[in-house]
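Please see the structure below; I have some questions.
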Amino acid sequence: MVTLEPQFSPTDGAAEPYTVLLPDGTLRDGATPSMSDDEVVEALRLMLLTRTFDDKAFRMQRQGRFGTFSQVRGQEAAVTGSAAALDPRRDWVVPQYRELPALLRQGLPLKQFILYFTGNPAGGGVPEGVNCLPLNIALAAQVPHAVGLGWGLRQQGSDAVVITYFGDGASSEGDVHEALNLAGIVKAPVVFFLSNNGWAISTPRSKQSAARTLASRAIGYGMPGVVVDGNDLLAVHEVTAQAVRRARAGEGPTLIEAITYRTGPHNTADDPTRYVNDEELKHWQQLDPIDRVRRYLTARGRWNEEIEAEVDAQNKAIVDEAFAEAAAHPAVHADQLFAHLYHQFPSRVSRQRAEFAAHS
Amino acid sequence: MVTLEPQFSPTDGAAEPYTVLLPDGTLRDGATPSMSDDEVVEALRLMLLTRTFDDKAFRMQRQGRFGTFSQVRGQEAAVTGSAAALDPRRDWVVPQYRELPALLRQGLPLKQFILYFTGNPAGGGVPEGVNCLPLNIALAAQVPHAVGLGWGLRQQGSDAVVITYFGDGASSEGDVHEALNLAGIVKAPVVFFLSNNGWAISTPRSKQSAARTLASRAIGYGMPGVVVDGNDLLAVHEVTAQAVRRARAGEGPTLIEAITYRTGPHNTADDPTRYVNDEELKHWQQLDPIDRVRRYLTARGRWNEEIEAEVDAQNKAIVDEAFAEAAAHPAVHADQLFAHLYHQFPSRVSRQRAEFAAHS
Amino acid sequence: MPVMTMVEAIRDALFLEMERDERVMVIGQDVGRLGGVFRATDGLQEKFGEDRVVDMPLAEAVIAGSALGLAVSGMRPVAEIQFLGFGHQAFHQIGPHIARMRYRSQGRFAAPLTIRAPFGGLVRTPEHHCDAIEAQFVQCPGLKIVMPATAYDAKGLLLASIRDDDPVLFCEPLRGYRLIKDEVPAGDYTVELGKARVAREGDDVTIIAWSAMVKTAEQAADLLAEQGVSAHVLDLRCLVPLDVEAIVEAVERTGRVVVAHEAPLTAGFGAEVIATINDEAFYALEAPIRRVTAPDTPYPLAGVEDFYVPNAERIAAAALDVVRTVA
Amino acid sequence: MPVMTMVEAIRDALFLEMERDERVMVIGQDVGRLGGVFRATDGLQEKFGEDRVVDMPLAEAVIAGSALGLAVSGMRPVAEIQFLGFGHQAFHQIGPHIARMRYRSQGRFAAPLTIRAPFGGLVRTPEHHCDAIEAQFVQCPGLKIVMPATAYDAKGLLLASIRDDDPVLFCEPLRGYRLIKDEVPAGDYTVELGKARVAREGDDVTIIAWSAMVKTAEQAADLLAEQGVSAHVLDLRCLVPLDVEAIVEAVERTGRVVVAHEAPLTAGFGAEVIATINDEAFYALEAPIRRVTAPDTPYPLAGVEDFYVPNAERIAAAALDVVRTVA
């Protein structure tokens, strides 16, 4: 009676995350970096830029001059390394809300991001030529969009690839299941990038699923699944680049799970001291993804304190200027409730629009 | 650059279905049946009963005397073998709509099933003491219910197990993902029984998912997954009995995928000649799950033509009587639109109820 | 002019538009090989191939959600939800995303897609298949909701919907697929979204309806005519955009109004019709408006559905009451 | 009597009921360790343990759907949907299943569960978090919908909801969590579901509202008082059961009515209120009813939300118009 043991067992989902760049900034034995030094420098600048932004925006929020937002702190390598595997002119990013480096690399002006989080509807706009969908707050809803987008682009003869980001929390939503399954069927050119940062607000990964890894779900959709050290810029880049190549070649989607950690609060309204374990947080702070790249580039003679200072000054200037641009943006007005809602407005809505215009 | 191959690959989801009873009615080498001969006889009678019912109900439907319904034809072993692993007094069945043998074994009067499909709301009723939820037409919605039910029973100190049935089609719904994931987390005492009958109406399994097996999804929820020959009563019973034992012992849920085939139309409104391949159908008809058990029992001296004739006569009588009981049920009336909708009716609805009573 | 059933008219529109515009895709459960459970897409896959007519997995949210992605990519998907009752499974995609893509992206992206879904009862379908939940989708700003009542309109409105740059929820009356038959021109034509249709002219009372209930309203008008009452039947055709002018005109003409729908009374679209009349034509009313609807109960099993769905007698009786009301 | 904020009153009710009835469970995203993103469940897990206060995975459909299973098993779950806007993700569980379990099973099973969900704007939350989609759930026969406007009611209605043998969607006004404060008795009490509350007595015009909009209506009443207009404010408290008698009484008292809600105009619950008055109190009306609502657009980003949500001035202006209308 004990002959027919289940063919699939929970432990089949276990895997060690891939690493290329070790925490001390050296390469894993036998590893070759998939990024040139110039590319790594570029990536580090971007990671630093978003950290500069995160710091400033957080302070501004505390002063009541910026809205509720989520920092990318601690996850810079995962977002930047994956985005660096894309060709911004043809490939697309379908974000959740914590992927500023990817959006910037695609060409989204930082000002847009700022406008969005100051609550100006104009901030939802994506300039023509920038291949990003708007931020997505309703968790996981973006994942089906990414599948349709990739599928449709291919249908029109393009070899574009779509990457979509979503969290360990979002991964529990039905939409993710339905989207992964469809992508497997139509071989959509999509990279599903699951940023497992250990938390969905206060809910730890351990309470989000009993799965050993979330990437193991790929098996159940007939696609490859990869677990990667999300604090390792080079490993993230390499596995994403492979997934992009597969997708571009018509071989279909890949699910990548990046193991990383949210070292800040969930967002500016959150108080993580209520639930985050200090030890764990310290452990991950020591694995800071930016430090690791700094060490790597320093060892390779491509980074030093002067460069750091210079980049920091540049980044501060970029961020300040973006905030200044956003501040100089025309003030919000009531008509923004209506603008762009329809291509052709129902007359009732047009009438409301006129009434609102008259009263404000 | 090709060093970091995905840890999980689509082929990780491949598995041969377990078998115990071979198509020729003999046992697989080394296999011991998990059911006594008496139990197998009982199961065969039930399988034959539902086939008798399917035939008669189909004819009645064609004569306009019965509603649209889905036969269990071809899948009798999967449903009966799994249900036979339950203790009807404490365990629960949460059905889709194609599981008549399981409902009967739990004690649902056949008359109720008939009433339901003649469109009498009374048919939705489940007599006190019968541990089944109502049929579920909205695909996959029942799967979360099963998880809550199992979880809640355990919370109250019961060692009851819940089995829920759903199809290969239903498995694509987000609800199944969310439910499997929650069950893994709370270790709900639930057996997820996926009847993969090759079709969701006209959509073949191959277009439903690129996964090699659907049971492989268990990995991604941290639970065991089993693929079993769904036309093999004994194999289905054995793997289900194991899953029930695990669940009862507090070890959590199991996902079982039974590979079977719908040898009839999707339902009485369907015309499968538009999409079913003749060869494939014939192949599966030869694997008829009832024939297999007949051969097995015949070889063991527990079945012969007299018994068959006797059982057939009994089954016909049971079915005829159930149809007669259903026909004798009080005629439908307008108040059934309202009955049981609320424990405490809003006064507006009570008023409507009175108006309807006055007008009909 | 050829007479077509509504399902033929819908199929005709799909053929025409797929032929005319290669960005059009048809996706949904069983729409390909089978040609749809009601044959609305019969023959499309054979003609236009598996790339453009796609049998989807059984998952409404991703049918809707991927249609949005397809639309953003430049395609014009026509997605079928096999029954509107299962539109709930896709609600979070339809309301907050499909309807808002243009708005959220400040016009950079749009959602020129159509979701087709049959609904409504009296054809003995199983639970949920008949649920008339159209009103629940009305409060999804950005979405248009189209409800044809004739084969002619089904074709013309569907062509207009697919070509519309805004997303459309196109609800088809299940029992009308074969029962509704009328003259349908062979080639290309569109019926403008947001213009109601006077199905019958009359002076004593206006019956407002949409979808299959328009036919029932016309039958009620026949019954009323026997009693010497002249009923005006207004077919809304679209819930969004709502043809407020046509409603006002009809109310002003008759002063007395009945609204009929298949959905339950409370919070049905009939409520909005009454509220609109209150807003725009209050003083033209000579009597309270009457709603003839299903009760506030779920769509029941087939055996009692005849009690549930408003019929011509109930509409006529309500109309008579309204006509006879003396303020 | 102690003064409590609304969120304190809700927490108090949950404590009391978990203490009194061990079948009560609290499940939802972040309800355990964190105590809820608004602290509505703060301290519950510490007191009642991880088995009864459960942090759920991020999946609204299974939060609702498993709550139904829990209820069938004999528990009394209180499930939190973190924001009502994400109730769409669970709509297919709430309408067709939770609301209908008793009906579908002919009374064998029931769904004595409560779904708590905050909604509403003006507190600078991100997209979707503020969506006032309550009207979309009204057409789910079998479901009750509760909308407290005061801390006192929040506690008493929540206790009544949890004890009710029918399922309840309990919508909490986000901006009221800390802003709404009033006297709340310490111990056990319930407020009957389906009874509206006269928030303020007046004779010239009735303002009908629910949830946070009641406060705004009262502010409007203050403004009106300055102009010598005496406004009657009716807090519906529940959309289902709807207190039709209280509405009729108020309409008969003043003859003039304004309905205010945070949701868009079209197909908002205001439409049903107007339709109900048309049905039941038509002849008492001395002027058309006015709706003061959000426009037919999505809830916008925070920077423009002050334009979107009706304020006391808009309500007062509409009320003045109504009062001054001469037929």
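Going in written order, the chains are labelled A, B, C and D, and every chain counts its residues from 1.
Here is the rule we use: contacts are C-beta pairs under 8 Å (C-beta built on N, C-alpha and C of every residue); 3 or more make two chains touch, one makes a residue touch a chain.
Everything numeric here is computed off the predicted structure, so don't read it as measured data.
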Distance-maximising chain from chain D - centres being C-alpha averages: B
More contacts between chains, B-C or A-C: A-C
Centre-to-centre distance between chain C and chain A (centres being mean Cα positions), rounded to whole Å: 40
For chain B paired with chain C, centre-to-centre distance based on mean C-alpha positions, whole Å: 36
Whole-Å gap separating chain C and chain D, where each centre is the average of the chain's CA atoms: 30
Multi-partner residues of chain C (each touching 2 or more other chains): 56-57, 59, 61, 85-86, 89, 92, 96, 103-104, 127-128, 141-142, 240, 242, 266, 296-298
Of all residues in chain B, the ones touching two or more other chains: 121, 124, 138, 172-175, 177-178, 181, 185, 207-209, 341, 346, 348-349
Touching residues (chain side chain D, partner chain C) in the complex: 85-86, 88-89, 91-92, 95-96, 99-100, 103-104, 127-128, 131, 133, 135-136, 138-139, 141-142, 240, 242, 263-264, 266-272, 274-275, 278-279, 282-283, 287-289, 291, 296-298, 327
Touching residues on chain D, where the partner in the complex is chain A: 29-30, 32-35, 37, 55-61, 85-86, 89, 124-129, 265-266, 295-298, 300-305, 307-308
In the complex, chain D residues that touch chain B: 25, 51, 54, 56-57, 59, 61-62, 64-75, 77, 92-93, 96-97, 100, 102-110, 141-142, 144, 164-166, 194, 240-242, 244-245
Residues of chain B that touch chain C when the two form their complex: 67-68, 97, 116, 118-121, 123-124, 137-139, 169-174, 200-203, 207-209, 269-270, 274-275, 332-334, 336-338, 341, 346, 348-349, 352-353, 356, 360
Complex contact set, residues of chain B against chain D: 121-122, 124-128, 133-134, 138, 141, 143-153, 155-156, 174-175, 177-179, 181-182, 185-186, 339-344, 346-349
